[in-house]
């Protein structure tokens, strides 16, 4: 059935104007003043922003980590995402050394296909590169539409790849038309600092931060960028948290190196002092890279405004405080890394960024949706409001005031790292391919309705 | 009369899709698939790009300079602009010290109102700041809609302002909501080097370049950016030509300073060696800043791609080779500075940038149109294709191959600095507020139909 | 009469060893173990350091400033210098526009010749450059041995030169073999900020600092360095106070530009908060550039250690708190700039630098003496301990603990900015050309015994 | 027997003056004018420079490499060093994983003790760090006086250590008072590029350079410097060859990180084009890092002048062209890396640096001798001319003109990379601890007279 969304303020990465939207067969058929309503369901959006649905390029749903599994799966995770205005997620598919890549991908399909309430896709982790792995990549790209590969420069002896692997991945990616993603921290230094901290009895959550200083994120970021330049390839640095890394990315970009940077809401509004909360509460704030000294927040906001960073991911990887995070009592290295962010990612950037005058409304849309669609081969079906695009839409009331709380959020975990934070602006209704998933703040979607999306090669959209 | 542009590939600063455009009363009324054609004139745009009309933020039409006057006036200049896909120009209104600002503005209105074939607006030059000047600024902004002020850091004893004037202008601009523009070269050093060159008998055009080294553009750019940061104001650096200046702009932006940079086609594709052409032909290539060593071109392209520069202006200021440029025979300081660029600005960026894979189609639109509209208070009426926007449109055939030549261009001067350059892509038809100005490569507009536009304050669009 | 200094620990800019020194006819005749004492006066230096006498390259003795005159003249100033271990000062000779340079120099000779107790020389201020001034420079260099010229980038409408003057001075200096010195702050911005502060009723001493932010010192320093590079000349930046300026100097030096930087004790150990002292006491801490936020101190120490700054001057320019500094009550712009530092310059660097492990003993000697001698054409007669050098020597006890206080200092003013500071190490005896000026902490010299020194050209020593 | 060196121009890292030197018991007893000659052998040094003997901090004598052994051993190598004005070498002692460190050191003693004609010491290579290795380090320092450890960031699967090893070494070095040396190139990237080159049939010597681009030296240098900062330790970067590495070192030093950089004569005067010489002659110019594009030479000279690099090593590691270098015909990876430089190191810096006005005579002495003595715990016995220092002296005639040639050099190999280079200045006589090793250009020393030197801890001299 056709729908007409009336009188909303349509916002894209470049535009802002009041118009009606006509939706037919899940896509946008027309945009105009006073579009005819004949036979269409009419939704009044007067006073609301109409955004393209958010794209979260960085989630870890139902992911095994350190003997436990992240709590939000493709059901609860994508529901929470939808509540927050996100209509597509790209999740990281973990691989095991030696295992065929397809087996890992199949495992990820199995987790997701009957559960997702919004569309989704996968990135693929590269733990090692050898001739067998290289042979499998073309089918990963062509058959599965997975056109981005993740390499870890940290987590020594677990996920960490050496520089040769990173460099070969970059070279291969250039040839294959895919984008390399890195977790950029120097895992060797972390390994040493961590052992030392434990040996010194420094076991509290704050030592998670102290053993991962920002210098080594800057170092690894610069290294990855330089390797990208040498390989004439393309790089996406996930979860940039600090001034040092921004500097390296910006420098590389001015040299013509194709490097892109993502930050996350937690780095924009929280800081290292949260890890010192008493009663082990600091464990709620354990991410890698860790939260930084407050001064880095200004650098991150400046980078978003100047265009030196390009996207906002959630790095969603949620664990209960009781029963999961507390595995790390007495040993911070056993605290599962990550937190529940998927739901508030979009709202936090709107409230802290747009409302506080740090970025424009267009930049907000670009950062939360459009740019990720372009970098990851989803555009123009996803990531914008244009004729022919999927009707993945968010009706957003910029005036609602609310307080973030675990007692009201829709994620499956028992705390929220932004607990008590005042937010202005909230998604009221959310559509995925023209169908309501959230309607007037209530979930009206269906598990399994989310579709797996094969993505295009890098640079083609 | 209504118009429907059918099946064009609509491109904005963020989007690209095939759709129809409905134009009513000079504005875009609807965008959609298969829009009803009832009663409308139908224009087939199949296979063509539909771009928002170009905005040239930097022109000098009929401008007095060194005892002569730039050749293209608001008639020939705006016609040539239209041929090239530009539908709005912002011209620099020169002032004289002591004269009421309104008198200067009135002089500029007199030059333009019966001649322009496309819409236009003015920037205002600030030569000095004192209490009288400050008192006049609010009415310049409110009554005339002139919300950008230009300060020269070069042309000692002519246009050059001292740093105190620049700083006061920045402070005033912040309070008044306007954007300060600078010509950033160290005029004192140029003054000395120039005198020395002449004293040494170095009178050929190449010495124009030799006496204005890139270091002093970098120096002045950095100085202006730092003053902007101190004033917490906003700055637009015109005609950035070199790597040193880009570096300063990028650094400042990462510090959160609102600095924007414009480059021009000549700096992207020509270089210093052109000034050495025999038979005084080098004079055709005399701009300030001068053409640079070829290596700067890569820095400029990288900056456009990375977003470190934001706009493309023409710095149109045309003089005949015979009768004007040749005033400088035997003394390069007497060569009128500038050239005829207004017509080919858009095409060169398309051909050299998009076609050669250096920038995306969306960046091209942003650089030639959208960003200037936003920075200079024209958006969203100008600078984009959205419902409600002025129907300033360019139907562009990306496959046409042509050669730039003075024998075919529409500017009033006897040479073209890009003579012989192969260009791919050309505007076929151009509309201003829904009316054809260029139709199938023929001029169909009317002098005087162009309207003066009062612009909004900085930051409001 | 011959002297033998026995068993001292001789320290130079590169060495440290225990030996005897034989002094004949005012110069060092031999250095060795167990030198024969026949007929010589023997001075036991066991346990003492023997340093080359300090060279203070930056003093303003009896200098007119803002309607008053700096209190310490060549008598009290050089006595205090000697007490502090300094045996040569280079004072700034101020010129007036239009006046013959020789007249200014003669005025400075008149002030100094009968008063100085140690050797001295002059720098010459350049306020304007025109053909007449240029014609006088060779005789200034050849006849007066003044081989360094000072240009002010601040003090608008008083001392400030424009960039053309600075550039011409640099060009002339290259040709003439002299060193250009700059006071690097952007005087235009200061002018504006100062007027604004006064207009806003911000008249307390702290506004002296607030109206001269470090960014504009960095800006002016970078500008001067770039002009030096263009002129292929040589530059000495006086009183570097901030991280921004260091960065510019270091960058320029890596480009092969001959730039040298001087800092002063006050910037190393005091900070901006001193200007906020109650009861107008902040006025005691008014220097230009002003004291900075504490974080700049680390940058300065790092620069001394790394060799990114090369010398330590005092910028001695002393005024009584009562009767001089208090001219600025109610208007910070009327506070005479400067302070009494000539006496404690050497000791502070020893105590805070060497004793605290920030720099080596050799670096200390280089910074307080040797490098200034080399840069300013005094070497090897001054600035080191070598055979043939003037016996300008300091016998320094590194174990003495003392407290700086106006009640015990030898300068002619009523306060000391370092009042209460604990110092380790003190000169015990000081010789000028082999004669004691200070002996066992008592003054034993004679006014007028100090000789005026004609200096060599830049680069010849 | 006593010696008196008469009337030489004594030059140290800070001084230059004419005087006599008295030598007793192998050390300098006195320096002075007209020293008594009673009973002493008198050597006339009129018109000659007297330098402290050169210290070569970087040699590989009789070192196994890729199945062969470097040709010059401690006999021929130290003789050639002496001819060239070097009186101390510090050679790299290679270790094998698992083997006790003392076994490696004993092996190095066995090679050297009966052969060396000048004094020598060892650095120790660290290939891995574990508890056993850490336990052995104190005795290496205390018993053997080896206070510097070398870590390789390149030569994957051979010498290369991972970042954890580097970091632990830095931490250990801080605690133990030793200096960490790094070969800074990213070995992983080299590994990949090398495999690719060979796979592509790119086997000529030039591909040695092409597979080791300067970016990865810059990367590794920056990484090592940042790790040093985190460890609050001290670092010495061997054989710096490029602008990128200099930039990283300079930045780190300004942050207060104790990083020192060494370059080598080959990087100052040769460039990448030498590797393209026909008939496999390019193999003569295979060093790691490789020779660079010519533009890097200016950066290196600027860095020496500015003090951004501190020492000059030879990286002596000589192989015959016939029989050794030619092992790499058809496969550049089999070319033994290194060349014969030990003899001309000092002369090249004098001729190209001092004579061409790029550095001062004092900087020359500091770079070739004094600074290495200070950094590596040899000062003040070695590295300077001061009372009490070893009489390791070079009598140097600055006017001799000669041409470097394998036909006249004293190294044991069949070519010289500087063949045909014109050199001004040559050592005439060389003394080690007061005894002639070279006298009037003839070798007069004795194999085995060179002594092994236990060095002091870092920072104590």
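By letter and in written order, the chains are A, B, C and D; residue numbering begins at 1 in each of them.
Heads up, the rule we're going with is that a residue touches a chain if its C-beta (ideal position, glycine included) is under 8 Å from a C-beta of that chain, and two chains touch if they have at least 3 such contacts.
Because the structure is a prediction, the values reported are computed rather than measured.
K.L.:
Among all chains, whose Cα centre is located farthest from the one for subunit C?
P.N.:
That would be chain A.
K.L.:
Rounded to the nearest whole Å, what is the centre-to-centre distance of subunit B and subunit C, using the mean of the C-alpha atoms as each centre?
P.N.:
Once rounded, the distance between the two centres reads 51 Å.
K.L.:
Between subunit A and subunit C, tell me the centre distance in angstrom, where each centre is the average of that chain's C-alpha atoms.
P.N.:
The answer is 57 Å.
K.L.:
Which of line, ring, star, complete or other matches the graph of chains that touch?
P.N.:
ring
K.L.:
Chain pairs in touch?
P.N.:
A-B, A-D, B-C, C-D
K.L.:
Subunit A touches which residues of subunit D in the complex?
P.N.:
Contacts found on subunit D: 156, 162-164, 166-168, 171, 186, 188-189, 191-192, 213, 215-216, 218-219, 222-223, 226-227, 229-230.
K.L.:
For the complex, give me every residue of subunit A touching subunit B.
P.N.:
Touching subunit B from subunit A are residues 10, 12-19, 22, 29-33, 35, 246-247, 250, 253-256, 298-299, 301-303, 305-308, 362, 366, 370, 380, 384, 386-389.
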